[in-house]
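Look at the two complexes coming up: chain A is in both, with chain B in one and chain C in the other.
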Partner chain A sequence: MNKYTITCLIIFIFLGPFLFPNATITEMLIFGIVAISTNIMLGYTGMLSFGQALFFGTSAYISGLILLAGFPIFLAIPIATLGSFLISLFVGYFCVKREGLYFICLTFAFNQMFYFIAYVWTEVTGGEDGLVGITRPEFIDTQLSFYVFISILFLTSLYLMYKIITSPLGLIFKLIRENPSRAEAIGYNVRFFKLVSFSIASTFTGLAGSLYVLIHSMVPIDQIHWLKSGDIIFMTLFGGVGNFLGPLIGVVGYIWLSDTFSIIWARWPLIMGVIFAIIVLYFRGGVSELLENLIKKCQFYFKKNKDEKYIKN
Partner chain B sequence: MKNILKINNLSKNFGNVSAVNNVNLAVEVGSIHSVIGPNGAGKSTFFNMISGVLPPSSGKVYYKNNDITGFESYKLPHMGIAKCFQITNVFPKLSVRENVWSSVFSCARKSKFDFFKPLSNFKYIAEETEKIISDVGLSHKINDKAEELSHGQQRMLEMAITLGAKPELLLLDEPTQGLAPEATLEMTKLIQKLSKKHTILLIEHKMHIVMEISKVITVLNFGEVIDEGTPSEVKESKKVQDAYLGRG
Partner chain C sequence: MTFLILSQILNGLGLGMLYALVGVGLTLILGVLNIPNFAHGVLYALGAYFAYSIAKMTGSFYFAILLSPLLVVLVGFLLESQGVRRLYQAHHDYQLLFLFACALIIQEIIIIIWGPIGFSLLPPPSLSGALDLGILIYPKYRLVLICFAFFMIICLYLFLTKTNLGAILRAGIENRDMVKVLGINVNIVFLYTFGLGAYLAGLAGALSAPIMGLTPSMGLDILPICFVVVVIAGLGSIPGAIVAGILIGLSQGAATIWFPEATNVVIYLMMGLTIIFRPQGLFGVR
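Then we have the complex of A and B:
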């Protein structure tokens, strides 16, 4: 991350509340954590998981239940995050035994399992109606204080994830993406590091899930449905897996587009489908690669102009 | 301890087919020991069993008198065994520096916490990396992506990655495969240079290279050892001539 991207990020954090309604911008930040952490697994390690809603939803339920039981939020968030970390170790242990398509199927299967547990276990999860009646603690009751609270957690998570991907661990993830058998041959236990990557992504996704309950004071059951996992992958690819902050652009774009179109037209997912098809077909690096190329072209153009002036003088 | 690697009655069956059958072999410290044989002799299967890719059906592999039979391949570099692949096997989208750095880091890191420290913390690894890259003659390409290198350069990079583990025993699987004659010569020289610091077990197809540099040659055919000796002895052997000319 250079200073320009950091500046852009800070401007976004400050301008966000003026551009979008409070519920929308906080949702963007929360899914920002989800998409960027998913990208550690998807873009850096090269593992496509169709089960991220499992961690998002489960953590949301845990956090919601703790809040409903009357415990403070400072207990709910860490416990829910720890919970998704432990579940990710369990689920991940089985998933990383297989590669490619089989890995995807396993994550998908686990996601469905957890969804049906939530669906059937009505006394605890509220079943189809979701978990309702959660109240936000007083200190984040106003829109401003809630936004500040979420942004602080958002920036902290981003900082931690950035530290991870710029450490040797991040490099090992890339080795696994590029050439797992060679990574094994130079002494890295590939299966173990895949599990590490899976757990990091899932734990941050869990953290985001535990915050999500605070937006609408409820946990709808579709937050644990596999379609949500699809959304998460969509957002990440839409933004671009090629760089660290790319998925954030995807999240902002996706949530903004779906908010805008869903008011105008009930069949709005059709538009999203078309956009997704175009991106996969022509811009494999997502919106962020598109922007990068534009910036490069602009720089080239300005440099050329400068050179021409220099020659004339 | 004279023998660094000792192989006892190693066999591998695929169903009813016996690819490697009761092979015994001992590699002396500091030597270049070659394993040759015609196509389909079981050289690669043999190599894969030593390097932990395939579990043997029976038999034992001892490294410095420790039983390493069937060890997963990621454990071997940490014990001092590194391998070089038959086909070029690098990390294409990463730079030459990153390719070698990761290999050096794998064995030179000091604690588990090193995984989480910033990359700039590891001066000694960076220095080692640059030294290895200059040894194989790729210093001018250090920041280029591996996929942008020529085939010969990629083979050299492959070698650099292998050396990153600071191995005592080098397992080389046909390092000159698909190389132009000049590059083959260069690679042969490099192997000779490396043999001063490392013990080398070389699997090769090209006779003339093997004859030139090996101390001991083991000849495989149909999964069995048919002869073993110095290059001149093997050259004279009737069995070997027959095997290579298809009269066996």
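Then we have the complex of A and C:
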């Protein structure tokens, strides 16, 4: 991250609340954590998991239940995050044995397994109605304090993820993406590092899930449905996986678009589907690559002008 | 009790045959084309909705069963030739996203055309009513469904083992590059495979309409089950998909007797047991 991106990020954090309603901007930050952490797995390690909603939803349920039991939020968030870490170890253990299509199938099926557990176990999870009646603690009751709380957690997790990506561990992830057999030959245990990458992504997704409870004071059952996993993958790819902050652009774009269209037309997923398809067919690098190319072109253009001036003189 | 168990076994068998048909379609597409077909569920839903409309227009249920899968094949051809074909070289991420987008689009188009409310399609008079089997009385349509689906699976088996195209498809699952090297036009093979997969999905959808009714979300509900069938079967195994589909159907039937609330969870329980005790799937290699 150079200083321009950091400046942009800080401007976004400060301007956000003026541009979007409180619920939307906090949702953007929360899904920002999800998409950036998914990118660690998808973009950096090259593993496509279609089950990230599993961790998001499960953690939201755990944190919601702890809050409902009357425990403080400082207990709910760590326990829910830890819970999703443990589940990710369990699920990941079975999934990382396989790669490619089989990995997608397995994570997808696990996602639906947890969905149906939540669906059937009505006494605990509220079933189809979702988990309702959660109250926000007093100190984050106002919109401003809630936003500050979420953005502090957002920036902290961003910093942590950036540290992971730039550490030697991040390099191993990239090595596994580029050439798994070489990584094996050098002596890295590829399966183990895949599991590490999977759990890092899932743990941060879980953290985001535990925060999501606070926005609407409830956990809707859609949050664990496989369609949500599709949304998460889309947000990540929409922003572009080649860049650390790219997915964040995808999240902002996705949530803004879906909020706008859902007001205009009840069949808004149709429009989203068309946008998905166009992006996949024509702009495969996502928004961040589009921006990068644009900036490069501008630079090239200005440089050319400068050169021409130079020649004239 | 025997009455209950027998009727649930037959119910499960019927469901299982449907799962097997959809699952084999997905297996073919996964195996030959090597893409995760997330649009498979909506093709199933389209089959049911086309059948409903055709039956309503022409008044003939048999005609609907005959024609609607063919219409689904057309949709499948369109999907393959216009979109998926450009993505064979791309990552699974983009293939998945494209097919997911197609699923969303088709799903919404179904709601726009047919409305968000579910329908029911009645079986024709000759197939409605029940048959007395001696020990139990069972709906005629479900019995015919089991026989017909079984017949279709046999046809499919003969097609795959006895014809040239079937041999090419099986070779494609084993080793795609070798098929290319042997001078076979893979583009056409891929198109036909996608068409065949779509046909099976559409047929299963049309057949399921009188039993389970039609709801716009039926495509989204069947999709995870198809993927579980593939996981239990072992990736790319066609006989595995048939066995896994029937197994899941039967276990769902059994669950209805003893744990009626867990009929959906039992599918994933089967999957969990499979990956613990036989990680490569029932018929998977390696």
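Structure notes:
What we mean here is this: the second predicted complex is superposed on the first by the 313 of 313 C-alpha atoms of A that agree within 3 Å, B and C clash if a C-alpha of one lies under 4 Å from a C-alpha of the other, contacts with A are read in each partner's own complex, and residues count from 1 in each chain.
Going forward, a residue touches a chain if its C-beta (ideal position, glycine included) is under 8 Å from a C-beta of that chain, and two chains touch if they have at least 3 such contacts.
The structure displayed is predicted, hence computed values, not measured ones.
After superposition onto chain A, the modelled positions of chain B and chain C are compatible, with room for both.
Of the two partner chains placed by superposition, only chain B is touched by A:Ser181; chain C is not. Once the two structures are overlaid on chain A, chain A sits at the apex of an angle of 80° toward chain B and chain C, using CA centres and rounding to a multiple of 10. Once chain A of one complex is fitted onto chain A of the other, the partner contacts of A:Phe116 are limited to chain C, with no touch recorded for chain B. Of the two partner chains, neither chain B nor chain C is touched by A:Ile6.
The partner of chain A that touches more of its residues, comparing chain B with chain C, is C. Once the two complexes are overlaid on the shared chain, A:Phe276 sits against chain C while remaining clear of chain B.
In the superposed model, A:Leu160 makes contact with neither chain B nor chain C. Distance between chain B and chain C in the overlay is 13 Å (nearest C-alpha pair, rounded to whole angstrom).
By the touch criterion given at the top, residues 163-164, 166-169, 171-172, 174-175, 178-179, 181-190 of chain A touch chain B in their complex. Taken together, the chain C residues at the contact with chain A in this complex read 30, 34-36, 38, 83, 86-87, 90-94, 96-98, 100-105, 107-109, 111-112, 220, 223-224, 227-228, 230-231, 235, 261-262, 264-265, 267-268, 271-272, 275-276, 279. Looking at the complex, you find that chain B touches chain A at residues 51, 72-78, 82-83, 85, 89-94, 98, 101-103, 105-107, 109, 114-119, 122, 161-162, 164-165. By the touch criterion stated above, chain A contacts chain C in their complex at residues 42, 48, 50, 94, 97-98, 100-102, 104-106, 108-113, 116-117, 119-120, 226-227, 230, 233-234, 237, 241, 267, 269-270, 272-277, 279-281, 284.
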